[in-house]
Structure formats: C-alpha cells, structure tokens
Amino acid sequence: MRGDPDCLIRGVASLDEAGEGLISFLGSRRFLPYLADTRASAVILTPEHADVCPVNALVTDNPSLAYAKVASVLTARAPLAPGIHPSAVVDESAVIDPTARIEAHCTIGAGVRIAAGVFIGPNCVIADDCEVGNDSRLIASVTLGSRTVLGKRCLIHPGAVLGADGFGLANDQGRWVKIPQLGRVRLGDDVEVGSGTTIDRGALKDTVLHNGVKLDNLIHVAHNVELGENTAIAAQTGIAGSARIGAGCTLAGQSGVAGHLELADGVHVSGQTAITRSIRAPGLYTSTVPAVPHSAWGRNFARIKQLDDLFRRVRALEKALAETADDQAEN
Amino acid sequence: MRGDPDCLIRGVASLDEAGEGLISFLGSRRFLPYLADTRASAVILTPEHADVCPVNALVTDNPSLAYAKVASVLTARAPLAPGIHPSAVVDESAVIDPTARIEAHCTIGAGVRIAAGVFIGPNCVIADDCEVGNDSRLIASVTLGSRTVLGKRCLIHPGAVLGADGFGLANDQGRWVKIPQLGRVRLGDDVEVGSGTTIDRGALKDTVLHNGVKLDNLIHVAHNVELGENTAIAAQTGIAGSARIGAGCTLAGQSGVAGHLELADGVHVSGQTAITRSIRAPGLYTSTVPAVPHSAWGRNFARIKQLDDLFRRVRALEKALAETADDQAEN
Amino acid sequence: MRGDPDCLIRGVASLDEAGEGLISFLGSRRFLPYLADTRASAVILTPEHADVCPVNALVTDNPSLAYAKVASVLTARAPLAPGIHPSAVVDESAVIDPTARIEAHCTIGAGVRIAAGVFIGPNCVIADDCEVGNDSRLIASVTLGSRTVLGKRCLIHPGAVLGADGFGLANDQGRWVKIPQLGRVRLGDDVEVGSGTTIDRGALKDTVLHNGVKLDNLIHVAHNVELGENTAIAAQTGIAGSARIGAGCTLAGQSGVAGHLELADGVHVSGQTAITRSIRAPGLYTSTVPAVPHSAWGRNFARIKQLDDLFRRVRALEKALAETADDQAEN
C-alpha cells in the first residue's frame, strides 16, 4: 500500500471511468495506457507498476484476485428477505429452510430439500427429491431435474438445465430405443453454472462436478461425466459421455472432449480444439485452426486432403535424390 | 439365458455397483474388467462373454437394447394424475384431453390441442394453435411457438424451444429487414429433443423432423430443415437453413451442416466436422482436427496456410529431378 | 411490374405451393425450376427472370427485400391487447406503460420500466431496474438480468438470457474467486436476439449491441463485447470477452472470436472459423475444414502435426538439388 491509508473507498470502476472515492485495478498490461490519467482514488496493481501509479496504490502480486475480493465487499448484496412468494407452487412434502427465499412462479416438487440461506429466483423449476445446499443461488429460470444435488454456495445462472436425461439410445434394427437415464447430477460446493448450460443426469451412475468447478454459458456436460476440483470451462464447450476431466483443468471456448476419455489434472485446452484421445500429462493442448483470408483458404485448405500423398511424394524425392547422389559418387 | 430361471429381479445397476436382486449389462468391452467381480443377480451380455459370466446370464446379440427394454419395465413411471394445475393459465379455446396432465405455471394459448395421455411439465409455454400428440411429454420449461405440431410419444427436455422464428433477413442498403417466418415446426412420432435445443419454424414451408428423430442438447435446427426418420444428432451440432438430412443418419457432437445441402440416408458425421457439400453416398465423413501439444501446434498448424505453395515446390522438385535424371541419362 | 395491376393479393407462399391470390418470390436461382409451373398470382423477381415469369411479375433488383416488405404487410399481427395478465407478478415500483402487454406468469422486478407498445410474452423474467424500449417484443420465456436496457423495436426469442453474469474469475492458489460482474447489457434499436442466445453483462463497463444487430440462436456473447451496427451473427457462434466487432459484419454459424480482439467494419467470417487475431481489413476470412470420407481423413489429417517437418524436408531437398545442379554445372 502506498499513499493515504485513510482514503475512503465506496465503489469500483475501470481505470478510465473511475473518479473520487472509487478504486480500480490494473489486471493486465493491456490497460496500462489508462493508468497515468486515472482519476480513481486508488488502484490495485503489481509492484512492477507501483512507481508509475499517480494515485494511492494497493500493491499485490495478484491484482485481479485483490480486486475480486475488494469488489465483493463493496458490492455486497442486500440480505435475503426469507420466505416463499405466494405465487410459487411448493409441494407440501418439500422442506424449505425458513431462512431461504423462493421467488415468484417457482415450482418445487415433492421431497425437495432447500437449505438455509438459499435463493431460488423467479420461474425456477425444481423437480422431485432435489437437494440445494446452504447459500446456493439459482438466479432465475433454472430447471433442476429430479434428484439433482447441489452443494453449498453454488451459483446457477438463468436457463441452465441440470439433471435432464442423458442421450442414451440403443439401436433396434434402425429404430432407436431409449435407455432409461437413472443416475443423478451432483454438484460439490462453490460450483458455478452459466446461462443455458446443460448438465445431463447419469445413465446409471451420477454425473459429478466436484468442488469449485466453474462453467461458462451454453456448455454441454453429458451423462456420467466427472469434472475435477476447480476445473473451469469456457462457453460452448462440450464434454461427451463418461469423460473424466481432472482437477485444475481449463478448457477454452468451443472446445470438445470425446466420450470415455480421461484428462489428467492440470490439462489446458485451447479454443475450438478437439480432444480425441485421453491425455496423461498436464500442459496445453491445441487444434485451433486460425482463419486466413478466404482466397488463401481456397488454395491451401483443400490441400489437407492430399497431404498423405504429398508426404509420399517427398519421400520418393528423397530416395531419388539419394540415388542420384550415389550415382554421381560412383561416376 | 443361463442360470436360475426363477431369479427375481427388482432393479438395474452397473456391473460394479449391482447387488442382490439387480440386473446389469455388459454393453461394451470397456466394462469387461468389472464382470468377474460383479454381485449382480444377473447380467445381460453377448454369447461371446457368457462363459465368463459368474452369475445368471441373459444372453443376446444386443445387450444395450435388451438392457433398455428391461430397464424401461423395471423403472416405469407412475401413471399420470390427469388434470390441470390451478396455477396453469389455459386459454378457454384450448382443447385439453381429460387424461392429460398440465403442471403448474404453464401457459397454454388459444386453439391449442393436447391429446390423451400428454404430460406438460411445470413452467411450459405452448403458444396458440399448437398440437401435441398422444402420450407426448414436455418435461419442464419447454417453449412451443405458435402452430408447432408434435406427434405421438414425443419427449421434449427442459429449455428446448420449438417454433421460434427462423433467422431470415433481407439486406436494404446495409440495414437488415426481417423476413416474416410463416412456416411451422412439425415433429413426427417418437421424436426426442434435448435440453436447450432450438428448432426454428420454416420461412414459408415447415421445418420437419420425421418419426424417430433423436436430438441431444443445445442443437440448432434452422428454418426449413428436414431430418429423416431415425436420424440421431449429438449435442451442439448445427444444421443450417433448408438442409435436408436423410434417414438413419448420425451426426456426432459439435458438427455442422451448411445451408441448402442434402445428405443421403445412412450418412454418419464425426465430431466437430464441417459438412460443406451435399453427400450422396452413405458412410462416415470427418474433418475433426485432433489436438496436439501446444508447442507442436505452433510449429505445424501455421503451415496449413502455406500448403499450396509447398505443393508447388514439391512439383518443381519433381520436375527438376526428372530433368536431372534425363541429363544424366544423356551423358 | 408486369401484368394485371388490379390483381388482388391476400397472402404469400413458396413458388411451388402458391395458388390463386398468393404472391411468391424468386430469391435465388436455386428455385428457378419452380418458376415455370407456379400457380401464384404474382411473383417478385429480378429483371433477369421477368421474361420467363408465367404470371404477374413484380420486378425489383432485390426480391428478398421486396418480399420481406410485402409479407410483413400481408401477415401483420393483430394489435396488442394492452394490460397485465392477473397471474403476472409485477413489483409495485415498476412502471408499465398502459399500452404495453404483460402476459401470464411473468415476473417483473423493482424499478423496471416498460415503454409504450411493448409485448412481454408468457413466463418471462425481467429483473430489477431493466428498461424495455417502445414496441419491443419478448416472445416468451425470456430472462433479463438486472439493469438490462433494450432499445426500441427489439425482438427477443424464447430462452434467450440477457444480463447474466460474465465469466470472470481470479485464481487464488488454484481456487477460483468470483469477480463481481457489475456492468450491464445494453441493446440499441431494432436488435433481434435468437432462441437460447446468452449475452452476459459487462464486468465493469457494459456489453453493447448497437442498432440493428441481429443474432441467431444459441450464440454466446461474453462480457464487455461490443457489436457494431447492423452486424449479423449466425447460430452457435461465440464471441469471447471484450472482443469488439465492427459495423456491417457477418459471422457464419459455429464461428468463434477470441477475447480482446478487434474486427473492422465489413469483416465476414465463414462457418466453424476461428478468429484468433484482430482483423483490420474488411473481407471474408475462413478456417473451415471441409469433411472428407473417413478413410481419407485417417491418412491425411494425422499429417498436419508433421507439417513443419515436411517443410524442412522439402527445403533440404531444394538445397540438395541446387547443389547437385551446381555439381553438374561444374563437371
């Protein structure tokens, strides 16, 4: 900390928009140009940039983390107003902790258990026998299929669907016959699920997201998948059935993991990348194909399907040249 | 069948979790290691593995199918409690069969027809003039746009949207003008639609899913698409406008079919594959690009955009070498 | 215009299905085979095809646009029945224009402002302090997070989620700590948002969609993204955080734009294409990898990861051949 220790902070803002009483942060070099002219009352930044900070500085090795904590304190939600909105339909066998809040137009099934401090936002559906752990929050329009289990402090965004049937089919001479999906979805503590993300129940065993898993929007998690602790997955990624992802992994957007694979702890996957084999070693894996101007694409990408032939031709050239060299040596 | 024909079975479980009174199945060699130690009372498996089955065996060429049927019987749902939940809002012109069930917070529009045995789960919206055929089930939070037609025994999972407008735009000197979307979505019998999947109404004609089509989660089916009988599509796949997919096709996850294409019956598409031309012959088609360690990616993938040049260089080498050989022959 | 100027038109239909009193259009050469036999009373088409039109012709350089306008007139919606459905739950501090319509099971939060002529379809959730501009329409089952702002004449399809939290996380020794998402989502006028599309609120600043932006289904727009005027994006495309797309761009389906990039005005992106760098020049950019029969895939695609080696081998061959030629010249 450098500067005035008595400086009062009442809110947060970006470097270029902050003013009196607001704190900002420098989370990336990208925003360094805004530092010199900031009107923030204080800035969170690394030791490297402390000297060029024109205002009070809160110095730390991880400004994003410090900012996250500061902002959480400064923007804390009002305490829940406990109770069940009269328009909500709650089965009489459901057990709702008196400190929980159930908003308008929710439908809560038989045998559901809602723990202390839980917030169920408007228009959510919680099917029979679900359990929602302490202080979890379903923002709005969330659907939980029967027997879904959420740990503590989970945060589920609108449109997410947890616990629908997995895609399990047997083929009967061309016709598809549904395989009953009998497992559950189980979330550990501190799991976040983005808008429109779908997590299917297991076929027989459960689909499991361990503590601290964070999912962005429109992700597909198929039946029987297991996601390890603190693994974070960006939008529109798909995890096919029975895949097991380790702890501390990150998968960038629009990536895909094929069924029944295992990814070790600490595996990182780039955007639009296809994981088609199990990965045993931590590290970053990529198959992103970067865009080129369309004319260059036409000439070059059509060649991919002739690559094997090209390798053979180069091999033939190498042999021919070696023979030519031999011939010359003999002459 | 081998073993005790009087063995009583009351439920299903996986090979490693099954116990007394439960039946399991060996649907893939992947699970063969669990067979020897299973405590299931019976196992469904192929003749090939019958000899090594330590318990009662139900022998069949298609264990997944037999399991699907057995599990369906053993886990049958309780019969519907017919009737309309008092919180549902049903237009007085809608015709709801007395054997159907409409759950809480549903909104049912004018002219809707709900057939016998239908289940409409909580918080569904069924717009004007839709038809839902016998024994179809909308689990929860499903939205049907006006005039959507569902056949018999359809199963629609939460968050699915059928019959919203297609993406039809005309360009007026840079500004987009909406083209009214006047067609419908029509589903045949036994169609399953996954969570969060969207099926747009046709522009003028209908978007049609024939009998037995099965769709996983978060799939996009654009306007005027036609999906043939018993075609199954995995999660996050997209079918662009007016594409026609044949019968008995399978499309793996995150694949895409461009607009106005036709795919023959029996076409199979791998994950993350782009179908950019019509396909006339059945078979498996693929453009998945498998992941590599990121360092190998950097070296190799940047080369794709130089491929055409490389082919030319190799061609030049071949010519030069041929000339060299000619020269030597002449000497 | 050619033919009978007094011809009465009462509706629209496709060339092959139209009959007496209906108008059709020829929007693409693809449908030319249907022109000769059409029973439409009139057809909208370009001067090029006017001579072969067997019925009344409405001639224009942009038939799709003319059709869009004609169809809009012929299929105009009935005027709104203003008012609030008794099952809707509307906070007493919300200001609903008396000409607006709020349908069944909507939940409208505190401080919300709904302007004249707005239609809020059934089962929508509009959180605190949102603003919806004149004549905007939320079809059904739409969720707006707090403080979301919609301009005039916006059209939001079912299942869309605007204003949920962005995916902002700081890492604390392996654990993820949520960064509060404090910005808003702001839409200009005439913005269309497809079914199941998610648009996240900004982290500190706003996520902004300018006038005339058109989004198809299941698109992900991350926090702080800015989409320029009249940019249109097809289904399942993802725009990562803080990316800025210019005006008049089009992005085809399943494409992706990485975080913090800038795309100039007039950039067009092909389907399944990865934009991994900022683009300064207008034009079409592509990295689609077209499908091949699976056997050809196996031989060829595995070669991509050996490309750099191949380039080196060809370079070596070129050098060796040049030396051979030199040797021969010396002899």
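A, B and C are the chain letters, set down in written order, and residue numbers restart from 1 in every chain.
In this section, a residue touches a chain if its C-beta (ideal position, glycine included) is under 8 Å from a C-beta of that chain, and two chains touch if they have at least 3 such contacts.
No experiment lies behind these values; they were computed from the predicted model shown.
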item	value
Same vs different contact residues, chain B with chain C, by half of numbers used	different
Angle of rotation relating chain A to chain B [CA atoms, steps of 5 degrees]	120
Distance between the centres, which are taken as Cα means, of chain C and chain B, whole angstrom	23
Set of chain A residues in contact with two or more other chains	87, 105, 123, 141, 159, 196, 218, 236, 254, 272, 288-290, 292, 297, 301, 304, 306-307, 310, 314, 317, 321, 324
For the chain A and chain B complex, residues of the former touching the latter	87, 89, 105, 107, 123, 125, 127, 141, 143, 145, 159, 161, 164-165, 167-172, 174-180, 182, 196, 198, 200, 204-205, 218, 220, 222, 236, 238, 240, 254, 256, 258, 260, 269-270, 272-277, 283-290, 292, 296-297, 299-301, 303-304, 306-307, 310, 313-314, 317, 320-321, 324, 327
Chain A residues touching chain C - in the complex, by the definition given at the top	12-14, 17, 30, 62, 64-65, 67-69, 71-72, 75, 85, 87, 103-105, 121-123, 139-141, 155, 157-159, 192, 194-196, 212, 214, 216-218, 230, 232, 234-236, 248, 253-254, 271-272, 288-294, 297, 301-302, 304-308, 310-311, 314, 317-318, 321, 324-325, 328
